[in-house]
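Listed next: structures, encoded as structure tokens.
You will see two complexes here that share chain A, one where it goes with chain B and one where it goes with chain C.
Up next, the complex of A and B:
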């Protein structure tokens, strides 16, 4: 009578999806690391890349127990339990989304805002946005920015995870502790620190460059040039995003059986080929999930840009969300801002569909 | 010879590990060490990597800054309220999806997955407009409600994992022994969820504590939270890096403590013991 839950694919490696909160890869991603090198908790929570070894509620040597059907007729109880969250989400996310779309069809400048007028303008706002050359510059910039951040995050994260696999326990704890600190630093603190580290007058980076190289960078301004300003922002974002990726991948790496790697080695695989042809394919689902999550997070970076450069120099580091923010709260063109935001949401939705498809295909628990 | 090579490889790996550690820790170290340096050691290009004189002056400046305690209090209240409410609501939902199969369950889970990804930054404008029309801008409880929008989905998902990982057999055994369904859940499953609840709460708290853009746009001066105060902190005579780093440190401390606590608590999952025997 119990467990007539259908044959599901075995639980495969997949980290629990977690939302980082408002800032790309920086917020409360459920990274939190068991420094002893076990599964990050949320990742370990039921769906860890490995059957959690010492993670939250682990059944040793067994995949987390999937929920089972106990009775056919469940009655109204589960619905009653789910309703509060549904109502809250509809009210707190659904309604604002509706207002966003509605506003995107309205003329809502300062004048209409103050007089509380509703002026419908059809698709004018979209026409305005799409014919604004700054919008296109911002859109391309945001995509390039996200691509660089994701590439660096996944690349460095993989290398750090492999390194943690390679070294002994003590060194692994050391690396994990460093990752934990970077992860735990709130984005605003992190952005402030990066501004200070790269300060023109007293920054430690300029000091180090001046001391260690023949260059005199004692007054070098990182924020006067858009590329170096972006370099600082990217560094800050990646620094906070790598821990989640590295720790999740490390946990996933521990699921690759030693025998398989041993066999590859005996067959003459070098470390690179073993990774490329054995480890990477086995971890493909994890890589896909981490990549799609990173894309979603890095497309919406706001805090770091706001705190580090405010979009400067000369609005050259404005990303899509700062663009929307300035159109709205800066120059009070809320209709135009809404249209831009709708485009941003649509873009994110595309990536999200990809992400959800991966999650479902991977057989993430018993969706 | 190959042993020699592998020993050399190990040394190189260890060295790399140390370098990686230093790179990741440096910004945090620099924040804290700057916070303890006297102004003269900060405003100079003759940088010393280790503080030579230690002072609490910067912390006094930060704490003494106008409204610091109020912003700290606002942040604490908002984050605690969001955490409590989100975990409460999520616990119900997580139990439902982890323990029952019902029509719409899959749809619900997919919705939670998708909804987690909605960029909040895009919703700031409609939230602002709606609250403005309702005359609810600059009200702390309203900020709590808006935070629920992004904390709740994540909390449901995470808690669901924890509930699902607890063996349902324990509950069934209790029910065979005569406990009601509610009694079985309350006396058996709920206590085992301790670590999961703690972990989820901590994640929820951190998210709320870190939130920036909603507080920035929906709150005015006296109702700001700590990150907004920090992110917009300027003094008349240029940037006071010492005070700023002290403020950043104070603001980061709760999260760092939580993160460390979290990994300690999580490791010894209670249920592991419960099922082992």
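Up next, the complex of A and C:
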């Protein structure tokens, strides 16, 4: 499965909030989740093609001038230019979403799938999902998981970006190259490597701990306990999510004028206060976009869980997309799986819309 | 003139559309009409480890002699995730023509309508000498969908050299002497932190069920028209309790691991395990990696509770099926006929080390000290509940989750078996 939290198409480094990207081709269940992914950034980015890294919204004196004059310039050309993207979106995201929603109202088990039968069941699938206690446990778990991943990703990403501003050119190139390599690793490969690194018998972590500390971890099982299993999954997800955040924030940091920071320093700001009260507010739009993107990406993590634990031990690391996958491909109840996926899309939209609105409001108050 | 031209044009378009429609919609009809003289490629899905290459090559050679214009594409599939893959393939427009399907999964795919009904061919294929267990597995509501391919069961493979060094001179004949042997082995070789007297990955349910059955327990029992999970019965719990004790004391295999990712044959070959519970063909896997161990691998049946008894084993195996949507059903049938026929089966039983599909060939291993043990053990064998819904128990990993919970201690045996039983009851009656 292609879509997952860290499979970030490189184009999204540039602000292309509606890029359907390589995610779009995956099956209906998977793609539909992406639809949510493409909406909020548009909302967050405000008026389309303004690069979020410019931080222009925060810089005084650069507010858009003479809106009336601009409006006059708008002819049919922009609409013509936007048509291909819209068609692509409708075809690659709209249609699968339509199929997903339609399927969620059907009884579609293996028999109906193979025999191409259409059996409408109304809201039965939704009733099945919503009355499944595992679904609720999984939904809550997914939210907590995403919150932890987003926090760590943004936090570590910010620190790395700040670090890159301070170190010399050679070191900066080295860090950037490392980030790009981590980012470029296919998630399936990365997850497989992480599983091996933490293998209880042949893993390098257990070997190192046993060699370097008095502890004997030669048979320590990372995946027998849900917390340590989750720790490995989170590490893997965050490891691949940090580069995008770090590089974007680094680019944004370069737009913060030195004079402003210098003025803050002269006024007696330490580094922490300078960051807290000068840099951070200026970068608020970037943080906003990065956070909402991360929320969406981390809500739909699939690959890492599937490869590293496959939901184990005892289904305690099942996240919502793996739940959907098991319902669909595992026990061949594609209607039920679609209903779960539709709920997931709705959930993602809700969380993101709410989050973006709060952030925008906070941003406006501060300005 | 003008009008006639238009009529011709319309007719032409109509013919073109009709032809296109035919070609796209139902190629199976065209193939059936044309018979097997038509040159077509056939695609065959076989499972990893099922047949040695030499057997398949011989079958393909015989097939090519009869149908020189047909190319056979044999694609080897992994067991891991095979249900998902088969589902997608059968629901698609272009499924493989021949599929090897694990015996416990045939009825699920037969029920879906994705497999061809081969009842009429049973006599021609030699169906009256087939192993009963495999025939039952390939049959749904009296119709045959899966041609018996081969059977397999498990026994204890052990390292003779490690046994000798630990002073274990007689092979275990019951579970008590099995534990005694394991204790000696662990005491002698346990200085190596990775050594397992018995290497048992936590999710290995095929190897766990014998102990459940040996105590008189079962996975599920039929109660009228419905099924009821039975892993929480006192008998099942007793078997699992014994196994938990053994696994905790003697196995260093990953508790959350499975027998595919953590192939027990590897530690056995490396001397990190003295015993594993596995299939007969795994001897070949070990010897391929470590030819020097030629005389050091031995086998004995999984011991039972009472002295001299053996535990009932899980009789697995595979069937060969033809996809309903195959566009070369006749050719596919001819290929299946060759692989399930006595020539290929003899070959498979000798070089592949599996139990052949026919009772007529059961004597084939009688001089082989290893394979004859597996054949004998198969006489006391059981299988999973005979219902198309069983496959869903496998794919939702209910047994695996239960075992991991028990071995890791995250749930007590009563709790783990109760929730597994409830899940099985729910799944089988869904």
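Observations, loosely collected:
Note that in this section the second predicted complex is superposed on the first by the 250 of 367 C-alpha atoms of A that agree within 3 Å, B and C clash if a C-alpha of one lies under 4 Å from a C-alpha of the other, contacts with A are read in each partner's own complex, and residues count from 1 in each chain.
Just so we're on the same page, contacts are C-beta pairs under 8 Å (C-beta built on N, C-alpha and C of every residue); 3 or more make two chains touch, one makes a residue touch a chain.
On a predicted model such as this, the values are computed, not experimentally measured, just so you know.
Of the two partner chains, both chain B and chain C are touched by A:218. After overlaying the two complexes on the shared chain, residue contacts for A:329 are found with chain B and with chain C alike. In the superposed model, A:136 lies in contact with neither chain B nor chain C. Of the two partner chains placed around the shared chain by superposition, chain C is the only one that A:110 touches, whereas chain B remains out of contact. By the touch criterion defined above, A:201 lies against chain B and chain C together after alignment on the C-alpha atoms of chain A.
Shared-chain residue A:341: touches chain B; no touch with chain C. Of the two partners, chain B and chain C, it is B that touches more residues of chain A. Contacts of A:313 after superposition: chain C is touched, whereas chain B is not reached. Contacts of A:175 after superposition: chain B is touched, whereas chain C is not reached.
In the overlay built on the shared chain, the residue A:303 is in contact with chain B alone; chain C does not reach it.
Within chain A, the residues touching chain B in one complex and chain C in the other are 199, 201, 218, 329. Those residues of chain C that touch chain A in the complex are listed here as 83-84, 87-88, 90-91, 108-109, 111-114, 193-194, 202-203, 252-256, 324, 392, 395-397, 400-402, 404-405, 408, 410-411, 416, 427, 430. Interface of chain B with chain A (complex): residues 10, 13-14, 16-18, 20-25, 27-28, 30-31, 34, 42-45, 47, 49, 89-90, 92-93, 95-102, 104-106, 108-111, 113-130, 133, 145-146, 148-154, 156-158, 160-168, 172, 192, 195-196, 199, 202-207, 209-214, 216-217, 227, 230-231, 239, 241, 244-245, 248-249, 251-252, 255-256, 258-260, 262-263, 266-272, 275-276.
Interface residues of chain A facing chain C in the complex, by the touch rule stated above, are 109-111, 113-115, 199-201, 216, 218-219, 221, 223-226, 229, 309-316, 326, 329-332.
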